[in-house]
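Scroll down for the structure; my scribbles are underneath it.
Which chain is which? They are A, B, C, D, E and F, in the order written, and residues in each are numbered from 1.
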Amino acid sequence: MEKKYNLVTFGEVMMRLSSPSASRVAESDVFNKCAGGSELNVAAGASILGAKTAFITSIPDNFNGSYVRGKIREKGVFDEYVLTDESDDARLGIYYYEFGASPKKPTVVYDRNASSFSKISLDDIPEEVFDTAEIFHTCGISLALNKNLNSVTKALIRKFKEHGALISFDCNFRANLWSVEEARAAVTEILPLIDIFFVSEETNYHMMGRTGELEDIMKSYSSDYGVSLVFTTQRKVKSPKTHDFTSIAYDAAADKFFTEKPYLDIDIVDRVGSGDAYCSGVLGGLIKHSDTLTALQYGNAAAAIKCTVPGDMISTDKRELESIIKEHNSDGPKREMNR
Amino acid sequence: MEKKYNLVTFGEVMMRLSSPSASRVAESDVFNKCAGGSELNVAAGASILGAKTAFITSIPDNFNGSYVRGKIREKGVFDEYVLTDESDDARLGIYYYEFGASPKKPTVVYDRNASSFSKISLDDIPEEVFDTAEIFHTCGISLALNKNLNSVTKALIRKFKEHGALISFDCNFRANLWSVEEARAAVTEILPLIDIFFVSEETNYHMMGRTGELEDIMKSYSSDYGVSLVFTTQRKVKSPKTHDFTSIAYDAAADKFFTEKPYLDIDIVDRVGSGDAYCSGVLGGLIKHSDTLTALQYGNAAAAIKCTVPGDMISTDKRELESIIKEHNSDGPKREMNR
Amino acid sequence: MEKKYNLVTFGEVMMRLSSPSASRVAESDVFNKCAGGSELNVAAGASILGAKTAFITSIPDNFNGSYVRGKIREKGVFDEYVLTDESDDARLGIYYYEFGASPKKPTVVYDRNASSFSKISLDDIPEEVFDTAEIFHTCGISLALNKNLNSVTKALIRKFKEHGALISFDCNFRANLWSVEEARAAVTEILPLIDIFFVSEETNYHMMGRTGELEDIMKSYSSDYGVSLVFTTQRKVKSPKTHDFTSIAYDAAADKFFTEKPYLDIDIVDRVGSGDAYCSGVLGGLIKHSDTLTALQYGNAAAAIKCTVPGDMISTDKRELESIIKEHNSDGPKREMNR
Amino acid sequence: MEKKYNLVTFGEVMMRLSSPSASRVAESDVFNKCAGGSELNVAAGASILGAKTAFITSIPDNFNGSYVRGKIREKGVFDEYVLTDESDDARLGIYYYEFGASPKKPTVVYDRNASSFSKISLDDIPEEVFDTAEIFHTCGISLALNKNLNSVTKALIRKFKEHGALISFDCNFRANLWSVEEARAAVTEILPLIDIFFVSEETNYHMMGRTGELEDIMKSYSSDYGVSLVFTTQRKVKSPKTHDFTSIAYDAAADKFFTEKPYLDIDIVDRVGSGDAYCSGVLGGLIKHSDTLTALQYGNAAAAIKCTVPGDMISTDKRELESIIKEHNSDGPKREMNR
Amino acid sequence: MEKKYNLVTFGEVMMRLSSPSASRVAESDVFNKCAGGSELNVAAGASILGAKTAFITSIPDNFNGSYVRGKIREKGVFDEYVLTDESDDARLGIYYYEFGASPKKPTVVYDRNASSFSKISLDDIPEEVFDTAEIFHTCGISLALNKNLNSVTKALIRKFKEHGALISFDCNFRANLWSVEEARAAVTEILPLIDIFFVSEETNYHMMGRTGELEDIMKSYSSDYGVSLVFTTQRKVKSPKTHDFTSIAYDAAADKFFTEKPYLDIDIVDRVGSGDAYCSGVLGGLIKHSDTLTALQYGNAAAAIKCTVPGDMISTDKRELESIIKEHNSDGPKREMNR
Amino acid sequence: MEKKYNLVTFGEVMMRLSSPSASRVAESDVFNKCAGGSELNVAAGASILGAKTAFITSIPDNFNGSYVRGKIREKGVFDEYVLTDESDDARLGIYYYEFGASPKKPTVVYDRNASSFSKISLDDIPEEVFDTAEIFHTCGISLALNKNLNSVTKALIRKFKEHGALISFDCNFRANLWSVEEARAAVTEILPLIDIFFVSEETNYHMMGRTGELEDIMKSYSSDYGVSLVFTTQRKVKSPKTHDFTSIAYDAAADKFFTEKPYLDIDIVDRVGSGDAYCSGVLGGLIKHSDTLTALQYGNAAAAIKCTVPGDMISTDKRELESIIKEHNSDGPKREMNR
């Protein structure tokens, strides 16, 4: 490895506060805490596969910031570019989460305005970081949060690109942050800079406003904007407790599509971060194996496993991940237990 | 509103003690507590829809009574007619609950004898209350508990009726409290006073001893006794973890039946109080919308939501309730999450 | 009672998030939640003594707001003037709390900027409320939070005064909100409107900048500004786990001072809200007994009891409060247990 | 050993429900459970010292009964005489407990009326049990509960005495169960049957109505009624969190008094059952060592240890108990830790 | 009953440490504890049906040993042959457990080397025990653990056989302990001593290396080695959360097979110990009813119930077990709840 | 900084399992987990002060190893020299802990035999590490564990010394691991290599067998063996809940002693690791400030703070640590709270 990190990501890390299991936020006297944020989740997942990763963000200089820094480190993500906001009104963004049970849906309430991250400036970020990354990853949420972040995020993408990093980008459309039209324009603006593009099946049609066959749409990102790899996830939500999941990849260099049969009847423990886990599996797979199908398999398995563990960040190890991939692709008898 | 309250209910509030999640009462060193009682559950649910509600009961003058009073208030039910029993042997009725997991069934053990409520006297209840209610609601449990309550409950029904309240009554047959014959006789005795009658499909045949088509049976309560509205719930217990639910209403004035397609595969978190939530949705719907179908839809959604939250009393808000009704009746794509 | 409420208070209610017992916020994956705010705490405590109380505030229209509304009701405080903020960026103020253990101090971090309360406008508050209060209470925090609240709070004080309410005010100086000079000027400006004035021993000297004998200082508020009753608390912090507490009252009409021997070696479970509990005991005592010494005794006992229970709001009942006062003033043998 | 059991005890076992640590019963949504009852606590403690013990009681035939039976067995107490009440209204007595923190006192609320035990009849108890005991122990609570138990308890004392058992009795006066006069008469009636008599210092003066020097009083039980051993406990309650404890024994055969220096500054975790632990230590010590001073030392240490562990029954082992006795009586340096 | 115990079992008891519900061991700061071991689980389950049972093992003389002894007793298993290892390096075997959620599998990690049990010697076991058992039960794990245990276990089987006990043996193949070949040889060696033989469907083909029809294989154990009763379990693992279960019995004396329709869609709370619960139901059934089909029904129901409760040992009572058997075999309407 | 790390430490990291708060291990169904080990604790604490630290150890390749690695990283200690043991019998050492409450002592039970660390070989440790450290720290426990570790530890000390690191050593005598004589010989053997020597007051007299004045003894390590800095801690255990703490330093270069007044009445939440926190404060202080008195002040404050937080490793931040030092040395009024 010539660069210091295989993967550097940029985004907000929030504290997630959720009422335990089936209880209501409105009735519970306890919150479970965890740390999460789309781009951090990606770095954390990729590090499990052996990638060396770092995360750029800004957190407050108080015990909430310390909590989050501990979690970043614990996950094997290097924190040297996690900036500390020492201002008086430094705050950590929060999101509140309540689990679903059919017909009640999972519910998210954001309280991330005026967070330390929302005020980050390009000048805060040390110039040296741009030389450290083989791949730089961010997502649509960072573009959407506010004007400042929109321009900082775009500047970072350009800077990393200039210093030779591959640019990875996940659309991650959030209707509560911006409109379909704003999102489409912003993503379209940066598409020419993107090497690895993550866009869910639904986002292709809805936010990106494409029509026609899925494969044609995926291919168009390469033909129109020069994207090297396009990954499109396919999730079927059978109930808040059961999902199916797979994905399709388009590899422009080979002009080939890759997919595998879906993971069926995934037991949903905590669905949050499953899309990020997918990106982390794909990127980790690419870093370690440089093979699109293998990367997609890591992505699918990571997305499925994430659903079975609590928290925003995937928790697994390479051995488990690979044994799940292996069994998913085997026709033999399944063991009931690892023992 | 001319009366002080839209809805006044009468009944026992108990402390429910349950072993956490899947653990056995016989093995657990912890009880989860909550407060509940059929008629309180109805008042609490109706208040979520904006009805102004009060509850008549008697609780002991100790920390258990204070616990229960706090829960009554928290739910937006006015406690001015919650009497305090200062006698030496004042006690709160208890019921113990253990959750089921197929093939093990949920189990209830009652310990409600000699509770403060069981000794309530008509003289304890201030005369002024009879003028405060647009609707008065109680259920078969209050009739069944003991002789004293049988006569107090019947007296209250008559008093409220005389003061111009509509009378709402839920059969709520409990085989451990009285025989089918006793229950049938008692309910038949008060049927002429009832305006809104709740009777489950099974109770029509079993406890009420009716035969023939369900719609004919429902209609007969109106033709034979003058009931204005008859609501019959239909629950299909697929397993302790999964139910289907819907209901049928008969509106005598319009001589019409109303129903809607069932909620399928409800994820059961805690099934207790689902029937009461149904009544609360119907009554709240009637109070706010005076429309039988709308009331039935509130009732069905409330019954379904109750199953997805812990405790005897429904926890939701008007917005969630209405968005679930809307999605249930829509053919469009379903959102995975409220965000 | 000629007015609808004995006591109406105005202020912010926050969600308090604390790490369990001795754990660090920076290390704990759980937060305990409770609701609290100085003026709410006062209303809640007074209602325990039998006062009819209401609270004016603004909370977001989401599950956090519902949580807080439930707690307000549970405590017997009427919520008809608890406004709901339906704006997109409605938020509940938060404060984070970590307990102390010598030599580590308890730590508070506020995250209350841009809360729904911080944006409350005089126009949001229904004109009818000004006629409902015998006593109106607020404190220095509401004056200090921001310019908007400074003027809203002062306007409310004037309005209630005009409609015949007694004005109760607690200095509650917070050095993180404003300077000693700003606080002194603001309090001095409203002193002519205040009937019942709460000011801790330390605040007399520090924030109010007085010098000389404590009794002379207390008396000066009456002679200089017309305050009827001045209450000064005296807390001795022996360690984060052990405090002593008493107070002194000056009754201008009688031109007399009142005090009692301190509560010694109070076992500190949770010290937050002890000062508010004091105010609540005093106001509840005045409402029910119109006697300054009795009010002071209720205040001292309430402050002491608050320290022994978790949360911002006192939890007790009239019987316990009075038995503690009685035993504190008795020389006989102490029972070990209430049994 | 000629008899099957060294010690057989008779009494009620209750379920104790307490709010966790410092929380209020009136505010907590959780109860901690344990099983306890004075005479069971004595049997359980004695079994730790190696005594073979059995317990006579009656419990309901439901999951609460199963819970309690499991706890009896776990403690090494044989349950062959634990009767099962299969009646419809079988119930387990309950007591609610809230911990204290100065100036708030610990609080107990009983809900034991109409328990399965309260209805036990002499005929339920198999005749064979009377031949199994070297020592039979019961206490004043069993005499006081109701008329039925008063006569059953006295009959059992006589029966066991007739079959050659030594009779051990603990006064355990409870003012909420009977008056001083009733208690004194009842205890006086059975004193001629008692061999080992436990009476606290305060009970000697208050309930037993004695005056004069403590040693003279203790001696009088032997001279007047033929008691062989009298044990009087001396507890100093410094605060709900700190006690001192020791005791005095009078051995009539030797006509000697025994005592030791008090355990000072006992850290109170849970004070309930400390007196029973004392009896258990004394009886276990007598059974294993036949030495009054040794028995008293076991009793004192057991009483002190009980205060440091949660629950009604002492939890320790012989090794810990003896090392605490040894260190208490040593002047050498104390280890900080067992390691 | 001529012998002291209906059933004596021999094996290791371990402490099981599992991360709560869906959390990862690698991320959780808490372990849930329980005690379990195949042969203990069998004794515990049989005692629920009324069998008098004892367990032979060795545990360390520390608080972990005390924990386990308490659990053995609580379950009604007599502990007089539970030996205490007082050596310096005495230790309790541990296994770590993490629950599964599809596609993540449940995971077990053993840490049982050098446990006190692993060093047990035949000389430690008092000769008297061999005369106490009507049935002696052990399993393949005890044979497999190490050389010492292999010979101790075989010696015990022979000793108990010589003293007139029936020998019950469960294959319980564990691939992490020994190879298929080693296991097959060891089991084949003792088959001539076995009266009651438990072997799962899969083990018949895999570990025992049999081919052909299942019934022929089962019959061959009787014809070739003289086994009286052969029980073969049939489990279908639909997901970590849902299993089907039934079994087949071959009764050599009657030369007959017995089975019943499977329990479908068992809600898996904790699958560990389900096979042991099966053996316990069968043995308990045989002891109480001497009827092969009844025994098999107890076994199936016990296996199913075990899956619905946490921990290694089944928790139920005779009434529940029998009502589940009854309902399983009835065509009438099912109650939703025990009430 | 010329070297990669300011501080590299070597030792075992164990999983500590403790029963929650005051509960007994023998009775609790839950363990709280944390990771700890003397030399890890030192590295973790020093990193809080800004030192760059790494830790050398060996952990198993399973979820327990992952747990511990996560904790090492979370604390900011670099894990590149944390080796992974992939052998079949790899295991993490455990120690069990139960808290004390007077007169019951805290109790530790070790289960660390045959851990992955106990088998570490010098060859496992990459040669490159010896060039990375400014200071190398280890302690007497690593010398004492077994013969292998005794020689590995001594070899590491020599290697690091040869590569220019300062050697820091803490006696940390454990009577359960070796005798006073063995320990004294082993420490004496390496004293000539030691630059920074930590030895408690008691260890000077007991394990090191010195007599006479404490200052003379401390000085002798420098004069006899060339130690540069000697730190002696002085702890007064008033009860399991209250300690006093200070220390004395001898600086050979300056030939001067340093001390400060003790921290009095430290509230003990969890005393484990307080001595390690002391070393970490001293080493962190030396690294950042090169001043003996400042280092000692950091050490004392760190030792005191450690007692107030749960777990083996100190949790604090530089700001809190320094504010506690400042207040400890100030005579002005103390704030009650950080706010």
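By our rule, a residue touches a chain if its C-beta (ideal position, glycine included) is under 8 Å from a C-beta of that chain, and two chains touch if they have at least 3 such contacts.
Since this is a predicted model, take the numbers as computed values, not measurements.
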Counterpart interface for C-D, drawn from E-F, D-F or A-C and sharing over half of its contact pairs: D-F
Distance between the centres, which are taken as Cα means, of chain F and chain C, whole angstrom: 45
Gap in Å, rounded to a whole number, between the CA centres of chain E and chain C: 62
Multi-partner residues of chain D (each touching 2 or more other chains): 21, 24, 26-27, 29, 63, 66, 70, 107, 317
Chain pairs in mutual contact under the definition given at the outset: A-B, A-C, A-E, A-F, B-C, B-D, B-E, C-D, C-F, D-E, D-F, E-F
In the complex, chain A residues that touch chain F: 66, 70-71, 73-76, 317
Chain C-touching residues of chain D, taken from the complex the two chains share: 21-24, 26-27, 100-108, 174-176, 237, 239-241, 271
Partner chain B, residues of chain D touching it in the complex: 17, 24-34, 62-64, 66-67, 70, 89, 91, 94, 96, 98, 107, 109, 111, 113-114
In the complex with chain B, residue positions of chain E that touch it: 21, 263, 265-267, 269-270, 301, 304-305, 307-311, 315-317, 320, 324, 327-328, 334-339
